[in-house]
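Note that chain A is present in both complexes that follow, paired respectively with chain B and with chain C.
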Partner chain A sequence: MLDRIIEILQGIRDDIDYYSEDSLIDDGIFDSFDIVGLVSELKDEFDIDIIIDDLTPANFNSAESICALVKKLQDED
Partner chain B sequence: MDSIVQALSIHAKETPDRIAVIADDEQITYGELWKEVQGFAEFLRKQGFEKGSRITVKAAPSIWFAVSCFGIHLSGNVHVPMEKTIGPEGIINIADELSASMIVADTDLSDRISENDGKYKYISSALVRETAKEYYRDGLVFDFPTLDMTCDIMFTTGTTGKSKGVMESHRAVVAVSENVQYGAEIPKDNIYLVPAPINHASAIRKLYVSILTGTTVVLLDGFTDVKKFFNYVEKYKVTSILMPPAAVRMILLLAEKNLAKYSGQLHHIHTGSAAFPEADKDKLCEILPETRLYFAYGSSEAGCVSMYDYSKNRGLISCVGKPNKNANIFIVDENRNPIKSSKENQGLIAISGGMVMQGYYNAPELTGEVLKDGVVYTNDIGYIDDEGFVYMLGRRGDVINIGGLKIAPTEVENVVLRYPDIADCACFAKEDRMGGVVPRLNVVMKKGCELDAAKLRAHMAEHLEAFKIPKQIVAVDELPKTSNGKLDRKRLV
Partner chain C sequence: MALTSFYFLVFLAVVIVLYYLVPKKIQWVWLLIVSYAFYLYSGIGQVFFLLGTTIVTYGSGLLMQKRRDRYKAELASDPSMDREKKQELKKKAGKDIHKIQVLTVVLDLVVLAVVKYSGFAISNINSILKSLGSESAIPGLKIIVPLGISFYTFMAMGYVIDIGRGKYEAEKNPAKLALFLSFFPSIVQGPISRYDDVGKKLVEQHKINYENLTYGAQLIMFGFFKKLVIADRVAPVVTQIFSVKMFDKLSGTTMFFGMLCYAVQIYCDFSGGIDITRGVAQMMGIELPLNFERPYFSTSVAEYWRRWHITLGAWMREYVFYPIMLSKPMSKLSKKVKEKHGQKASKYVPSVITPFIVFILIGIWHGANWRYVAFGLYNAVIVAGSVALEPLFKKWAEKLHIKTDSKGWKVFKIIRTFLILGISKILVKAASLKMAIKTIFKIFTSFNLAFGSEMVKYGFDLGYKNNIVLGLAVLFLFIISLLQENGIKIRQSVGKWFIVFRWIAYFVLLIIILVFGIYGPEYDAANFIYQTY
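So, the complex of A and B:
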């Protein structure tokens, strides 16, 4: 799953090392438009429902944290 | 009122226990804020700077920022807010460019500043409030800044791409705050949520209008933390929100239902500073029937010159409302001569009034291109109708000229975006085989929708003159965007 998420992230910006970057939001690498695009791709790709309580910087700061969020939401289903 | 800091001193006497600023889940009352502001001003006075010295501040949505900002104003110095993401190199560059006397930042600059032979002093933003409390004592006396003194220098990239420092007098800062106050009829118990970088003109002006009116401002670091945004709306019983077009789009896409819940609580939403799709306006009207919805027109050079409540006056496409309290708006031709404008006879928007900037810092030539005899000449194409409503149709450089007939791309795009199957679109000039240009429209369809060009053309024909309807309509997967999410017109081919 992590590799697929990284592919999606590379579609947004391809000049970031997503295996090591852990401040995508805090450092302003992704802006609000990127998050909107990312959320809709994650919804489609993994068939999950992302609600506002999930929309925190901590959940979107790294590929790993995004992966953990997707797994959590899939388990809740 | 000659300055916002003077308004602060008055509210501190009249309503000392009212909350002035909330940030990082901390709050400060008018009484406490006024004391800390005096303390920080006293600290600055003790540094022995000449009045009018530039003090650069790495901005953050926090209480120390408000203390530092008004302390700088009260001490008669000039406040220069910088981006919160600026690095040490950038901080030093701006300080050098402005011959600053002091830097306020959370970055450790001790190595770099000693290299500069103590050209400027440095204070850590973490120590601002502590220092202010240390220097405060009863009976401090200050002369309030006067109207013509420079209050702030705001850095803006603008359309040229080169960074410019816009100098604003205290007169301009009070005038723009009044424009917002009267334009939006800010209620006496307003609680303003400002989820935007506080060094941006539109954001810092909401701090100013809140202090001017003795109301409460809640500072938040942008929209990326959607959960926190809604937490704050709920917890602090927010009654108005500054929402740039990008944020409106984001909230509509991610949390439309959550926002709709606050229709009764929200007095107004203030949007400005960029092109705002009509379709997003329509959607906000639908989900927030009890909320006033303002679109404000202005710039760093002349702030909030008009406001338009699109929830009340539906259907006036590209309208930016009527001039605000301190603004005079008129239309000029290419030679800057005033004209009687109309929908058929458009010109360029010119602005005069108290909120006009003093000029660009250290750039008299650049200033001369924009500002003459107290008038800001914009590159915005527009007209004023018989009822006095001002219309802004787009930037001069973006206009498509088809054999003398002029088409503003945003006018076409706003009509197209109201068509239900369209997610996004861009109108631009494309060379034809005869060596001329034709207007072309690229559209991004909503998921599951297919382009029916004939039906779309019929929709456009209801709202646009025939020559404005693009000859070519093409469905594309995406449109080029700039780093801040706006349509990148230069990359449209």
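So, the complex of A and C:
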């Protein structure tokens, strides 16, 4: 799953090393437009429902945290 | 009571001394008392609006909390409950909570609309009636806009939405919520704080702390410097240049100069006021959120809105932008576009539509006037346009062999963004939308490089001495901002200086404010611009 998420992230910006980057939001690498684009791709790809409360910096700061969020939401379903 | 008035400083001294003298348990009660005393000073009638909003917000929060607690109790009462039943209960509770949430937000908006926008609506209806040949007109309502209503109403709505979303538990003590909504320095012009952040800090116990006292006092002094030495000094020039009577007399170049002056004035006025607010809070150990991060160093309009009035931008992002972008109609639209025009287009459509809604709201938030609607639209067009045209810009940059990571390109982008925003500020400052458009047109068509002589001729040149003071003060502010932009923390750095130099610096700044500050009658400074929003 992580590799697929990184592929999606590379579609947004391809100049970041997503395996090591852990401040995507805190450092302003992704803006709100990027987040919304990412959310709609994650929704389609993994068939999950991401709501506004999930849009916290902690959930989107790294590929790993995004992966953890997707897994959590899949389990909830 | 203006934050820069002599009376406010006396009031502040009493508040802070007693804040540290009263038992720590009741420090927050003291803050509530002085906040309401401060508010009452602005008019007894106005306090009812604040009280009403507080009571409705408190009650609504509690009702939602009760409904959520009931749902949790229902779940806990039957551990063997099947998934379908759980889902059903969740849906039912969600619906009930949503109803309370929507009703409260609508009520908040109705009060805001009646107080702030009814005059605007009535005058528009009357002008339509007049154009239709009717002689009857609706009489205007005479309501004084309560101090800080746009700020505390947004804070109250944020609280209600957060409780509805289950982000944190509702406040059980109405007095604590009342303090959050009325905290005296920030009620004037923000920042728009959030309950889970500032609400908690306000009721914490605070010990006297040398660092907080000195850092807070420094921030207050810097705010005074921005407001009294720069903003209020340049204000008369701006007023004259954008006055209707001067329009035919002045060249476009003078108006361009006026635009630059207004950009400096509004930044120093608003951010100076916020510095004072944050400084006051810090002296009592309370950290308020940042509202400015050197916005004129932004390389794009979208970035500017993340660095100017940060708390309003964050509010809009959290409660308007994301909900619209993630809403069902928007994702349906996005899917439709995806089917017809592919992945890329589907990303752009919501990214182009939503800024229009958000920026028109930001425009209207500032006030009831078509100028503000135009201001919102202008910003939306720039932000949405830059998202839509981003691939094209990238291609051009490649073709023209522009090094997009070079310093020169960055400086170019900063100046370009500043000028684009300057135009938007004319929309805010001009006497009417028509005058604003005429002014912008004139800037591009009427030139006179000796614009200074025009100012002398019509008697609103500041004079040699004032021009020097203003120039040096702006240069000082620019250098400080540049250092901060490069990661240097000024207050911490000054704090490490040898004690004698440090105190000399404080005294010099104080003397500059006292000698070069612009004071009105009874040493009261002019009111803040954002106080009227």
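Structure notes:
By our rule, the second predicted complex is superposed on the first by the 77 of 77 C-alpha atoms of A that agree within 3 Å, B and C clash if a C-alpha of one lies under 4 Å from a C-alpha of the other, contacts with A are read in each partner's own complex, and residues count from 1 in each chain.
Here, a contact is a pair of C-beta atoms (placed from the backbone, for glycine too) under 8 Å apart; a residue touches a chain by one contact, two chains touch by 3 or more.
This one's a predicted model, so the numbers in the text were calculated from it and none came from an experiment.
In the superposed model, A:43 makes contact with chain C only, not with chain B. In the superposed model, more residues of chain A are touched by B than by the other of chain B and chain C.
Shared-chain residue A:53: touches chain B and chain C both.
Look at A:10: by the touch rule set out above, it reaches neither chain B nor chain C. Look at A:31: by the touch rule set out above, it reaches both chain B and chain C. Under the contact criterion defined above, the residues of chain A that touch both chain B in one complex and chain C in the other are 28, 31-33, 36, 39-40, 50, 52-53, 55. On the side of chain A, the complex with chain C involves touching residues 28, 31-33, 36-37, 39-40, 43, 50-53, 55.
Residues 85, 222-228, 230, 246-247, 249-250, 253-255, 258, 481, 483-485 of chain B are the ones that touch chain A when the two sit in their complex.
On chain A, the positions that touch chain B within their shared complex are 25, 27-28, 30-33, 35-36, 39-40, 50, 52-57, 60. Residues 165-167, 302, 306, 317-318, 321-323, 325-326, 331, 334, 346-347, 350-351, 387 of chain C are the ones that touch chain A when the two sit in their complex.
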